[in-house]
Amino acid sequence: MSAYLTRSEMAQMVARDIPAGSYVNLGIGQPTLVSDYLTADQHVVLHTENGMLGMGPQAEGDEVDPDLVNAGKIAVTELPGAAYFHHADSFAIMRGGHLDICVMGAFQVSAGGDLANWHTGEPGAIPAVGGAMDLAAGAKEVFVMMTLFTKDGTPKLVPKCTYPLTGVGCVSRVYTERAVFHLTPDGISVKETFGTSIDELAESLDVAVVA
Amino acid sequence: MIELPTDPDAAVSDLKDGSTVLIGGFGEAGLPFALVDALLRCDAGDLTVVNNNAGNGDTGLAALLGAGRVRKIICSYPRQVDSWIFDGLYRSGKIELELVPQGTLAERIRAGGAGIGAFYTPTGAGTPLAAGKEVRTIEGRQYVLEYPIHGDVALIRAHLADGMGNLVYRKTGRNFGPVMATAATTTIVEVDRIVAIGSLDPEIVVTPGIFVDRVVVAERRSVKESLGASA
Amino acid sequence: MSAYLTRSEMAQMVARDIPAGSYVNLGIGQPTLVSDYLTADQHVVLHTENGMLGMGPQAEGDEVDPDLVNAGKIAVTELPGAAYFHHADSFAIMRGGHLDICVMGAFQVSAGGDLANWHTGEPGAIPAVGGAMDLAAGAKEVFVMMTLFTKDGTPKLVPKCTYPLTGVGCVSRVYTERAVFHLTPDGISVKETFGTSIDELAESLDVAVVA
Amino acid sequence: MIELPTDPDAAVSDLKDGSTVLIGGFGEAGLPFALVDALLRCDAGDLTVVNNNAGNGDTGLAALLGAGRVRKIICSYPRQVDSWIFDGLYRSGKIELELVPQGTLAERIRAGGAGIGAFYTPTGAGTPLAAGKEVRTIEGRQYVLEYPIHGDVALIRAHLADGMGNLVYRKTGRNFGPVMATAATTTIVEVDRIVAIGSLDPEIVVTPGIFVDRVVVAERRSVKESLGASA
């Protein structure tokens, strides 16, 4: 491809890579877009941390019910075959390793799969963690969607996270606008590039990447 | 046997200074609006509040914080677009924050209700939220030791209660209600309606009446209406 | 009274002493008899460890449903206002201190309230504990119903249990055919006697008892 | 997505020697008769079985023990009037018994499903069942450290399943089913009936389909019929 991916295209890539029949949790913000690209054939069941499996699309008009929201507190709908449960049961699903995949944003991901996405660590910043650490610790696979660089050009795929960690060694894939990275015990493998090359990536990152 | 106070104010009237108050809800869903408003009108202070968030806008829990009635808040996600009251108190050191991963928060409350003395969770291991906590390696994985949370009072919202105090909830309004109901000395519930004993199928009861002490009927209100009424 | 109590009369005493509105678990065997003497006015709600509150009387004839049994696996009925839940939730009710009273049988009870009722400790005996230790650890009050002496005349209310313990310092009252004992931090107090006297009791027991 | 094997034998056909098998039921209520009978017909041995009891009479779980297929049983109450097969094996040292208080058994299975590494329970503290276990005093009370139980397979019985694997149970037949479903690599469920997706109210689902791998329909049988059929 000749251009970097848009956010929607990144979401599309993630959606494409989710195996049929998976149980998936989409983090708040950008990962929510992934649901727009899941097909009916995929039979993906969405989990929301606030107590539901079988979450449907965002609610419109009369569908809006203040008792039916997602983790971002946005009104959503329920699909046939949904189930509600309380918070301890919902996080037992997460912590117990029952979700196949979760998709989250990140400030930084390390070569070893460490995730930093809850706190900038800046003085005066108000910390808030929500369910991020539970997802990091619990999902079978953690996919990250993020831009590869900060606005000032600093890489976010790093040898070691400098931001406070969310989870240790938990990330298996990183979807960015320029490439999809698989994090393996043998190193970081670049699966696809968009508007760039592996050589360019290797040069701009402080971590080793291979094809 | 449950008590049926005449209104939310009567339901919370015996709340004492220094109490730990578990408040249900995830954002607006499951939030016991009427009980939180009544809490604001009673005079108990020096409270520790347990809720997933730290209040929104200028009403409800946020107003309680703003009135200086809360010494400490235990929550997972205080920072929101409209959490300016908490933000100000926190930045000026006027409120203590115990930040807990959301699943650990739910599990600590469950442990409080279930008589578990402490438990090891993988959540947060290797992160700053495990700082100062006991860590143990079990089967090659790191776990953090976490202790139960008990409330003096739980304030929750359910959909229906029967005369035994059995509760059912509505959709994601269920969230923290069922675990908080188990973990407080006194559990006070606001519901849409009270139904006759025998009219809830025993198979679908989510919170058995044994966990419930007081039930009041309070009409559902949206946050917007709540804002309007208090403005 | 002029005679020792029968089992039914003991059950009647226990039933009489259960405060109105209590949530109660009746152990298998003799304690089950207590339910026959609870009055509707008492509004006592019975818990059964296998996942129910609001248990009704034993099922008769067509009422028998193999999916509706008590802890002794005897077919029972459900009362209006009942609720079903799974085993972990059922024992959370017990362990979490939500039951006001449980009533159990015993091999021995010590002056300090230790309970021995699950294992004779004899070689070759097959141990079985069920929910006894959970009740002992969890109920707000543990009432014991037992004969005061074994068949060979050995007291069962003892300075220290010689049988393996079920729970430590958990028993608050002991209902026997000859007396009702309250176990308090200040010692054992005899509340009522049946066909005997406090002096006779004091003489036949190895523990100190007071009026 | 769930599998719908044609019969109980197909459902358990890939069970391996040395597996840990969680079997639901409290006595007859909630016992997955058909799956246990199928287990008896398959040839996996050296099993560890987790069930509240240790078999009754000469059929089902008792027959499995009698066939020498079970190395170890983890249960709370093996001794019953008709548990002669277990009794004989135990007395002759041919089966290992791990006796666990019933609530600790349920909680260890829940911990297995909920990703809890270990927990402290007051149950059993100061008794022989705490022997050799780590004990800790928390807030002045003694607690015993207990570890989770995981199964390779769970065999449970529910009332209805929908096409997503969502389950509802019947009365006290619910018992260990919901926690066992969460704690096994493969959860196999026998039900009275499979219903269409969308026909179970999402509010009343007890076990969400995420925990369920295979569902087979098996008619309810009473123990007496079971005895008759096998005699």
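Just so it is clear, A, B, C and D label the chains in written order, and each chain counts residues from 1 on its own.
The criterion applied here is as follows: contacts are C-beta pairs under 8 Å (C-beta built on N, C-alpha and C of every residue); 3 or more make two chains touch, one makes a residue touch a chain.
This structure is a prediction, so every number in the text was calculated from the model and none was measured.
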Separation of subunit D from subunit B in steps, with touching chains one step apart: 1
Interface with more contacting C-beta pairs, comparing A-B to A-D: A-B
Centroid spacing, where centroids are CA-atom means, of subunit A and subunit B in whole angstrom: 28
Centre-of-Cα separation between subunit C and subunit B, whole angstrom: 35
Separation of mean Cα positions, subunit C and subunit A [Å, integer]: 54
Residues of subunit A touching at least two other chains: 52, 78, 84-85, 91-92, 94-95, 137-138
Residues of subunit B touching at least two other chains: 107, 110, 114-116, 121-122, 169-171, 202-203
Chain-level touch network, classified as line, ring, star, complete or other: other
All chain pairs that touch each other: A-B, A-D, B-C, B-D, C-D
Sites on subunit C touched by subunit D in the complex: 48-52, 65-69, 73, 78, 84-88, 90-92, 94-95, 119, 124, 126-134, 136-138, 164-168
Residue ranges of subunit D touching subunit C (in the complex, touch as defined): 26-30, 76-80, 83, 86-87, 90-91, 97, 99-104, 106-107, 109-110, 121-129, 142, 169-179, 206, 220, 222-223
Residues of subunit B that touch subunit C when the two form their complex: 1, 110, 112-116, 162-164, 166, 182, 197-198, 200, 202-203, 205, 208-211
Residues of subunit A that touch subunit D when the two form their complex: 20-21, 23, 43, 45, 47, 52-54, 78, 80-85, 91-99, 137-138
Subunit B residues within the subunit D interface of the complex: 107, 111, 114-122, 136, 138-139, 141, 143, 147, 168-171, 201-204
